[in-house]
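Each of the next two complexes has chain A plus one other chain: chain B in the first, chain C in the second.
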Partner chain A sequence: MTVELLLQTIVNATYAASYMALIAVGLVLIFGVMGVINFAHGELYMAGAYTVVALYAGFGVSFFVAVAAGLVFVGVLGLIMEYALFRPLRDNPLGGLIASIGFLLILQTIAVLGFGVQMEHVPPATQEKIVFANGVVLTYQRAYVIVATVVLLGALWLFLRKSKFGWALRACAQDREAAQLQGMSINHTARLAMFIGAGLAGVAGALTAPLVSPTPYMGHSVIITAFIIIIVGGIGSLEGAVLAAILYAFVYTFVTTIYDGTLANIVGLLLMLIVLIVKPTGLFGAKERA
Partner chain B sequence: MTKFAISALNRRQFLSTTAAATIMAGVSVPKFAFGADKVVKIGFLAPLTGAVAAWGKPGLDGCQIWADWVNEAGGIKIGEDSYKVEFVPYDDEYDPGKARTGAVKLIKEDGVQFIMMLGGDPWPGVFPVSQKENMLFSTLLPSDLSPETTRLVAPCEVHPIYNVTGVEWLAENKPDLKTAVICAQDDSLGKPSVATYLAAFEAAGIKVLGDPIFFDPATTDFAPIMSKMLAVKPDIICLDTCYADYVHPLTEQAFQQGFKGQMISCTADFYPKMIEKTSKEFMEGFIFQFPDFDDPKLNEPHVNFKRPNEFYAEFAKRFGADQWSAVSWEYASIMDLWSDAAQKAGTTDPGAVLKAMQEGGKGKQAFGEAVWWGKELFGIDNALVGVWPVVVIQDGKAKIQQFKSIPAWWDKHKALMIKHMEALKQMYYQRA
Partner chain C sequence: MPERSASNGLSWALGTVLLGGVLIGLPHLLSLSQQEILVLLVINVLLVASYRLLTLTGEWSLAHVVIMGVGAYGSALTAKKLGAPVPLAMLAGATVAGLFAFLLSFPLFRMKGFYFLIGSFAAGEVVRLIWKWSELTWLFGGPKGIKLIPPVPDIEFLSIDFYNPVNYYYLCLIVVAVSLLILYRIEHSRIGLTFHAIHWQDKLAESVGVDTFRYRTLAFVVSAFFAGLAGALYAHYVGTVNASRFDVESMVYVLIWAIVGGTATFYGPILGVVVLTVLNEVVLRALQLDSMRPMFYGAILIVSILFLPNGLESLVLKVKAWFAGRGQKRATAEQPAE
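Then we have the complex of A and B:
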């Protein structure tokens, strides 16, 4: 591997780690606070991408406004899920999972009805790029994803650590009943977790829409990767999800570049298997939950 | 705040609304019906949703135009009767199990007389049905053919062997380009196409750098693949028969990572969007194999496809020019052949139509006279092979450069093709 290819691969892996982290952290937050495995998380990512398709590619709204709209719109979808699906099934985790699968199909169907089955083409917000030494390239479009991830996850960390609402979220994630006895509203924290978790998936989809070709089925591959990441990181651990996203993205990208993508998938699954054998709770385990 | 976003919708209403949306999705697949006494039904068993829908849905749209034109002209005269044509679509989602269910449904419930497929991964699911029901099927992918597939014909597209014409034209017109890299999705469409390009490059004296790069069809980030391809500094990047969902991001990545050389691909569906995402200058000279049918060269006398320019104009009017894909005309051209054969046979019986279609060993393929061929490559002469166009993007528009003969290339280089097909285990006697 040449130095140029090595550096380019690091840049590629950094981008991959960024959007994977956004998606995985949202999934972990929802699971941590609500105890629900949200299978529709990939479709929330898709919904974010289609917000950009509709507003930016369709109506010519500014890309960044469309991305912000994607965050809010998908956050609201999360609120709807919480109210209509997860709240009535709060004591039935399996029911929540099944309901999320149903919602996944509904979102796909709405996307098909609204936009058709074909892939959508979203022009990049800019074709500008940063050219590093040795000809290594990072496009602005990819840089947006990296910067947004750092900012959003940094803000989330501060929110969880420094704000009253954040403490409530963490308390509910640790022991829901004890939190309730302390006067915290379970409904309120659940809404907050769903809005933030879904919104992060939405913003990931919105930011990457010009980099992929959105289709109603784009959530499939993303959700599998997200599950691998949260299992490796430790289910319920935000820090673990970020670390695992970085680890997975670098392993996957390097194996793809040096060998091939099929082998990279196998290595990714092997990574999960090894972590499960060596440390069944994942890298950060249960102690570090949200 | 407690009733945020759903104040006007209770849970029951929400569920009933979404259930209705789901049901609507199930019935939203278009069905074409015509009021007529005598109707012949044709099955359209192809992916209409999912990643491969670009090679199904636009074909069904093209068939709709074909049927409208034929029916407006009074239908097809078969024997003493005139028949209107009705297409019965079934979305196989590019899945063998669903394709098998669809084939059974089309034959048993709908009573179709002929079934058109994209082929590829779904074909193994359908094969037993074709044998049991003696139904006539068509595929766009002759790599589905084997000595056992006696009821399967490839009368239009001879994928992947027509790809040799693009490489041959490239070598003749840009002899200074000497090295290439290839990537493809790791599936039944990508592998035989890779073997074909390897043979074509070798025949043209172009060196392929490294092994072909196969990627998982679930890949969404193509930057690492393109980085790997560019690392060997090739003159030519070959995108093989990648699906449109891959050709676009790969091309975009090549542009973003600073590639300045030649690109060649089997398809470039929706290429104006690729130009939009890259630049007109970058896409200049991009070689592929599927013309826009407003191309004046399609009016040359050897072309058998009826009214190609009008067909394209009608397609653009009904569905939008940006929806035109490689397959928009292909299923319609198969219907031309089927229609001629049914008229010749005087019946819609699948066996009689097949016999009439292959009579004399020759046929009118869309781009010219062709021969029923394939014994050495597929184990059966059920592919209709003749000339195929080489298309190049010039000033933002796809233009046919030349029609080149596939049999002529095969006669000179068949040993190379068989060598590479064997190496990738794609010969009919190697396939599972």
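Then we have the complex of A and C:
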């Protein structure tokens, strides 16, 4: 492996880690507050990508407006899921998971009916790229993803640590009943968590739409990636999810570059199985949630 | 099992004969494409009934369809590459599926609940990737899978040709009926009761000397054997298998059949697969809405988990109770007249 290839792979891995972190943090946030594994998370990402397909590639709206629309639209999808599915099934975590599988099928069908099963090609918002020394290239399109991830996750971190809503959210994640006794509204925090969690998946999908050729079935590989990350990071730990996203993105990108993509997928899944067997609470030491 | 009175036994016998008659006569009332769907339905009945055996121990696996695929690949390869007679190859495929589940049980049964669900999902995806892997194309045929799988040989002296879906349907019917009988007997034996005990009170079961790991493994292996058998029946009927046939979407359908039917009774999941397949074929095909199929299944899943959490079988129980209640009322109403 030459130095150029090594550096280029590191840049690619950083990009991959960014959007994976956005997706995984949303999934962990939803699990933490609602206690539900959202199987439809990959389809929320897909919905974000199709928002950009429709608005930016279809109607010619500016790329960043389309991305913002993706965040809001998918966030609202999250609110719908919270209201229609997770709230009635609050005492039945497996029921919530199963209902999210039903929602996934519905979203997939809507995408197929609205756009067809073929791959969509979204033109990049800009052709410009940053060229480092040694000929290492980072396109602006990918840089947007990295910057957006740092900004959004930084804002989320501040929000969770500093604001009153953030405290309430974390209190509900720690102990729902105790938080309720302190006068916090479960419905309110659940809505907030679903909107943020789903919105992050939507932003990830919207930002990467020009880079990945969206299809209605793209959520499948995304949810597998997200599962690997949240298991490796410790299900319920936001910091763990970010660290695991970086770890997994580097492993995946390097194995893909050196060998091939199928082997990279196998390695990722085996990594997750090993963590499940040896340390089910995750590598980054989060406490276990029932 | 509660004791049955003589008249109850008679009605059971009558019901069995009636059901048998309907099942034997059914294909002759259907069109060719419907007959082909009927064959797949019978195979799916075995798949979902074997899935239920595993859910008895309280674990929900997402690897069941992949295990069915292990049986399908195993049987297809045994027949095609080793040249074994097809019926033997089918048994070999089912055995391979069982063995595979045995190996898988060591890592997977260290987990429970969500972790088991996701762990089984990951294990299944690894297997599917290995099937598709370009390095192993010489064995598994890559993404295109295995084609030209030898069909079940004709029985010449009776001139039974298994290319005809009606005949293959009868073959499946016999295999599946025997399998269901075995599954039913297992569930109502001491072993089956132990499975129930592990589901509801695993710590208590352990404390009275039940090796829960061994019983979980047993349930997993037996359910994998019959799933593998269903896969083998599928492979030699369709003639081709590939990794995408056994993807997570197919698994989701099995989950939907089991949940919509309900898993508290033996017949619940079977009811689920039959009702949903009939609805799918009659309603969606008649309205030409085939592309709406996933949405239809998704909506049914959501509606049933929200409003019918115990599945279709709970409706059957309610109807039964209603009839019993009406019978009693009539009896009490008639009493004063005497």
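A few notes on this one:
Quick note on the criterion: the second predicted complex is superposed on the first by the 282 of 290 C-alpha atoms of A that agree within 3 Å, B and C clash if a C-alpha of one lies under 4 Å from a C-alpha of the other, contacts with A are read in each partner's own complex, and residues count from 1 in each chain.
Note that in this section contacts are C-beta pairs under 8 Å (C-beta built on N, C-alpha and C of every residue); 3 or more make two chains touch, one makes a residue touch a chain.
Just so you know, these numbers come straight off a predicted model, no measurement behind them.
Overlaying the two complexes via chain A brings chain B and chain C into a clash. Judged by the touch definition given at the top, the superposed model places A:Thr215 against chain B, while chain C stays out of reach.
Of the two partner chains, chain C is the only one touched by A:Gly95; chain B is not. Ranking chain B and chain C by residues of chain A touched puts B first. Legend: residue contacts after superposition of the two complexes on their common chain; A:Leu273 is shown touching chain C, with no touch to chain B.
Legend: residue contacts after superposition of the two complexes on their common chain; A:Ile37 is shown touching chain C, with no touch to chain B. Applying the stated contact rule after C-alpha superposition, one finds that A:Val251 touches neither chain B nor chain C. When both complexes are overlaid on chain A, the residue A:Leu104 reaches chain C alone and has no touch with chain B.
Look at A:Ala68: by the touch rule set out above, it reaches neither chain B nor chain C. When the shared chain is aligned, chain B and chain C each come close enough to touch A:Leu113. In the superposition on chain A, A:Ile146 contacts neither chain B nor chain C.
When the two complexes are superposed via chain A, 291-299 is the only one of 93-101, 255-263, 291-299 or 327-335 in chain C with C-alpha atoms clashing against chain B. When both complexes are aligned on chain A by C-alpha atoms, chain A residues 84, 88, 102-103, 105-106, 109-110, 112-113, 220, 224, 260, 262, 265 touch chain B in the first and chain C in the second.
Contacts from chain A toward chain B in the complex involve residues 1-2, 4-5, 8-9, 12-13, 15-16, 76, 79-80, 83-84, 88, 102-103, 105-106, 109-110, 112-113, 117-119, 121, 123-124, 127, 129, 131, 135, 137, 139, 142, 187, 191, 210-213, 215-218, 220-222, 224, 253, 256-258, 260-262, 264-265.
On the chain A side of its complex with chain C, the touching residues are 37, 84-85, 88-89, 92-95, 97-99, 101-106, 108-110, 112-113, 220, 224, 227-228, 231, 235, 260, 262-263, 265-266, 269-270, 272-273, 276-277, 280. Chain C meets chain A in the complex at residues 60, 107, 110-111, 114-115, 117-119, 121-123, 125-126, 129-130, 132-134, 247-248, 252, 255-256, 259, 291-295, 297-302, 305-306, 309. Residue ranges on chain B touching chain A, taken from their complex, read 2, 4-6, 11, 14-15, 18, 21-22, 24-25, 28, 48-51, 53-54, 57, 186, 213-216, 218-221, 223-225, 227-228, 231, 244-245, 248-249, 256-258, 270, 273, 276-277, 279, 323.
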